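What follows are several structures.
Look for chain A in each of the two complexes below; its partner is chain B in the first and chain C in the second.
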Partner chain A sequence: MKSRKSILPRRWPRRWKNAASYIIVGGWSGFSLFFVLWVVFASLKSTRKLFSKPWSIPYDPAFGNYVKTWVSSRFGDYFLNSLLVVSLSVLVLLIVSTPAAYVLSRGKFRSRQVISSFLVFGMGVPIPLLFVPLAVIMAKLGLADTLSGLGLVYVAVSIPFTVFVLQGFFSSLPSELESAARIDGCKDWQIFWHVMLPLAKPGILTVAILNFVGLWNEFQLALVLIDSPENRTLSLGMYSLITSMKYSGGDWAGLFAGVTIVMIPTIALFLFLSDRMISGITMGGVK
Partner chain B sequence: MASVELKDIRKSFGNVEVIRDVNLKISEGEFVVLVGPSGCGKSTLLRCIAGLEPVTSGTLLLDGEDMTDADPISRGVAMVFQSYALYPHMSVAENIGFGLKIAGESKAAIKIRVLEIAKFLKLEMLLNRKPKELSGGQRQRVAIGRALARKPGIFLFDEPLSNLDASLRAEMRVELAKLHSDLGNTMIYVTHDQVEAMTLADRMVILNAGQIEQEGPPLDLFNRPANKFVAGFLGQPPMNFIRVNDVKLNGRILTVELPGGGKLEVRGDWGALNGTNGLEIGIRPEDVSVVAGAGKLPMEIDVVEHLGDQTILYGHLDGRQPMTVRLAGQLDYKAGQKLQLDLSPDRLLVFDLEGRNANLAKT
Partner chain C sequence: MLFSASRYVLSVAALTTGLMASAGAGSAAELTFWSMWNETEPQAKALQMIMDAYTVANPETTFSVVWNGRQNQTKLRGALQAGTKVDFMDQDGDQLVGGLQKEGLAYDLSGIVDDELKNALLPGTLDLYSSDGKYYQITYIYNTVNFWYNKEMMDEAGATPPKTWDDLIAVCDAVKGIGKHALVVESDAADYNMLFFSNLVERTLGANAVLKLMEDKSGAGWADPAVLDAAQKSRQLWDAGCIAEDARGFQWPAGQTTVALGDTMGELVGSWLPTELLETAGQDFPWAAFSFPEVPGGVGKSTDMEVALIGMMVLKDSPNAEEAAQFLKYVVSEEAQKTMVETGVVGVTRKGVEWPAIIADGATSAAEATALSNFAGGLALYYPDFNSNVAKPEYNKMFLGQATPEEFVATMVAATAEYWKAQ
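Our next item is the complex of A and B:
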């Protein structure tokens, strides 16, 4: 097994290296945590207080900012739109990608390598390159400016990465289990359904979370494909809130409430599922 | 129970031919062990019999019926794998009953059969555990239980004991032998461990480079190996092969000169001997004795191994030919010491230039 290479000089004693690692990682974490907390605190202050006492802790939280953003700035609608489109996209993505990854990792057919390489190539295509063709295709299909159209595009652009990760994961599962299932009388799809799919759960959960977070924060495609205010996702909602501030004078506290609303689901996901996700990532890679 | 017949079986992976023209008949209820060094194709042959690998050419008959292209389930085989291959997400009971579930048996029928097997294999207390909560021996029993569930005609074992420690392996060996005598099923067992092969087999099949070198009852193969490969493969430490000079054949008496100048006479029927060039004498380390005076074969000790009940001497003869001697008891020999050896004439084998046993017809 290859040992992990440290970025720290080799001659340093282990204690120094540990201390340096803790300082770097701890500093980084502290820095991120500080700004997340600052945004949350800012969202609970009035705009005036935010400017007069930017570092203070809001002992008298102004939850009205959230109500205002949720209702007046229609973040409630955007949140539901995002939740709907992202959840369904991830679900469809997994339904499509998991069997595909299994077949590409275990199947024995000629074009397997070609398809795998094609998918890897797909990961390298810059999204902005797809704006015009996608807009045209969606318009032709009558799916322009619809959440279902956006979801379809989300699924399509996420397939290469998802299949790639899951393929590695399926490859790491012992092939003897497949043989045992075949001896037990399983057909191909039964092997997948009864044996391989349950074993791949950590990997599937990992890609589900990564895709959920990625699509939740996705902005470019939503901007290109969605026009109507009622179909906006949260990222577009944030954008419109910032744009409106140019004219309405700046409801900064409301903006931070919006930012917090956007952050909550992804932070919650990482908080509750990070352990499983890490085990999923390492299981796929190390076996 | 079922009989198995392999006719001209060949198996290739791309350009690499792994199994070459294997012909083998296995009778109902027979315990046949396929044995050979790593990479000899024994596991591939077993997978071909199981239906997990398609054969490149040849015919596989089960109970006289052509099953060459049949899937594993219609062959009526069950298999125990080297890594046990238990489904990690299922309990012991689910693992044992999985085959029945796939076959569409009712839940009640599955439960009855699982309990029956659990009782037979003493697994009743473990039925709700997951494989990761079991010891190696328990996992092995669950794997056997899973194989038993569907009442297969043929059991296939792919090195099932190689992941166990030495004492557990000995214990499981006895359990497998009992299992065979209780069930009486046809069993085909793959191993590279000759102790397993010798103790379990009704008949041993020795494979090398994808071909059968020899088949027969274990002691027959041990005492009458067809060639140098079989002779060297069976027995631990392996048989000594000594190159000899000045070979003279006089009727039934073959006289050879051993390294160091000693003369040796071997009696036998040498009608099949194809020339006297490149002859080698084969003698097992336990059939060599150390003599006090002048012996037939001088040897210098390089390494001494004390195993408690026996002492093994590794050394060399004149001309640096390696030689191993196994002696009973605890003996005080040292590296560098020179010894005189004697060979039991009735235990000697003679191999010709092609490595064939020249005295198979020895009287």
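Our next item is the complex of A and C:
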């Protein structure tokens, strides 16, 4: 017995375990919050004060930085471009991916596995490999340097991940409900629309948020496919602001105002929809 | 200060008046220009004014501009592959030499480069990026590499701009005497840090010496005692306390900001520094510049200078190449160059055009330049992979104290031999 005692790990009291969890999660949250606040504070200082007193609180906030970034640096236009292209892309993405995921998870046809594998393969293709072919295709389609072209590409590159996640989600839903609906005389489309889709809402919301955040911050494709300043998205606007620091002068406070503007929608999304998103993830994860 | 509409109209009117006198009739064309500037930058505003004035004088020539920002060349490559037609573009001249020019995508501008144009521009500015006697760029913005410093701090320390390396170390001592450091660096800006090495090599062996070292395919070029001496002198800056120890951890722009805040006297960098620090340092900052000092026994003069020029290039497949070339010639005319200075707040390549006051010392250096070398020795132009993968990281490692000068030299010898063997 003595030797057994020494081999087994000591059981930690529950409160110690909780304390450790709180310290780790609280510390991480505090760390993140600190830097978000630092960025917001930095956006409200003059550039000189930002560097001379980086840890100070701006008691005399320079809201002019936001005005300058929003108007002079055209972040207002870029914000609208991002909102338009990302929202519509996510909408189209869901319209395309949800039925596809449902069919791939429930349907019984010969090429189902091939299509699923093909979509999984799509998740592994490095985006930079697509730059030149995409630029050529967009030019041929007359969609080069357009937000609609960019949106189309966003939908295309997001389909594999979205279908993969939703496929898993649909698979986790009980098939009895489907059978019951069929007995009641529902056709395939009606089963999907009236039974499975409402049940899949948490999962759809989850992928919508994940895709929205991912596309909102997307930079590489936008850089390659968008040229005109009037078509820039927020990530491109940020990039142009950063690169203009060399040669033209560093408006660092304006840059942090831009960072804050970029952060607002994603933070708001998480604030208002995090509960649903978590429930969506956990629901899809338990089969 | 907001850009005044009335000032804009007046400037365009003034430009047009000058242009009318010299403009000839041309064929109708809309010239497509892809630019490295963002439309909100002063340089873009200046270029827009120049284009507007050109159109007023030549109504048959209009412009369609894409303000791409600094990734212009990269974006242009993709667009050209997709079949987009662009007439002319601008970018850092050295990047163009190693990019579109090397790839054979540039239009030969030799037809417009006559003696009159050559004599009108500051010495060497056209030739620096020429290739096989042909001209593929018209350089229109001039950045000099100097020590940019706070003149009041130099005066307070009782020092004067150094002429020799030993003078520079003496200036460091004087500035330490008032509790400051003479120089600062950014640990992540290897390009900037390489300036010490390339300038030291060029002061010893002469202009463009770094490229010549690289051309020895056995790698033995780097075994020249001047290389080890340059590496050792670079390290001396730390040992002599010229640079503060904590600068080893500075990430851009932390180092240069210390100059603006009055904690450090200056930095070895391009003449864009005062403009970059305008918001932090303020309008009244006492900017001045001195050239890289000479070294004992060296053949390089203190008036030899590394530069980073910005050039305009007409694309080989431009549908309006001749019209675009004529416009490029106009960009370096006196009127247009004055607009670049006044509105763009940059140094320019045209002789006799006064530069902005904050970089006036750069203008003096440019006017007195006896030989021009490329930024950081020019390895980035002709050996970009070697520069990125070997020269810059190895030098930076040595400069920041993670390798000895002897190890740096040995690495360069071996890596150069390997590089040429693999070609």
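Everything that follows uses one rule, which is that the second predicted complex is superposed on the first by the 264 of 287 C-alpha atoms of A that agree within 3 Å, B and C clash if a C-alpha of one lies under 4 Å from a C-alpha of the other, contacts with A are read in each partner's own complex, and residues count from 1 in each chain.
Definition applied: a contact is a pair of C-beta atoms (placed from the backbone, for glycine too) under 8 Å apart; a residue touches a chain by one contact, two chains touch by 3 or more.
Please read these numbers as outputs of a predicted model, since none were measured by experiment.
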In the three-chain superposition, say which chain, chain B or chain C, touches more residues of chain A.
-> C
Using the touch definition from the top, say if A:Leu199 reaches chain B (first), chain C (second), both or neither.
-> first
Would you check which partner chain A:Ala139 touches, where first means chain B only, second means chain C only, and both and neither mean what they say?
-> second
Which of the two partners, first being chain B and second being chain C, lies in contact with A:Ala180: first, second, both, or neither?
-> first
Now for A:Gln190: first (chain B), second (chain C), both, or neither, which partner does it touch?
-> first
Using the superposition described at the top, list the residues of chain A that contact chain B and also contact chain C.
-> none
Residues of chain B defined as touching chain A within the complex = 47, 50-52, 71-73, 77-79, 81-83, 85-89, 98-99, 102-103, 146, 150
How about chain C: which of its residues touch chain A in the complex?
-> 34, 37-43, 66-71, 75, 78-79, 81-84, 253, 257, 260-261, 272, 275-282, 346
Enumerate the contact residues on chain A facing chain C in the complex.
-> 46-48, 51-52, 72-74, 131-132, 135-136, 138-139, 144, 223-224, 227-229, 239-241, 243-252
Which of the residues in chain A end up touching chain B in this complex?
-> 174, 176-177, 179-186, 190, 194-195, 198-199
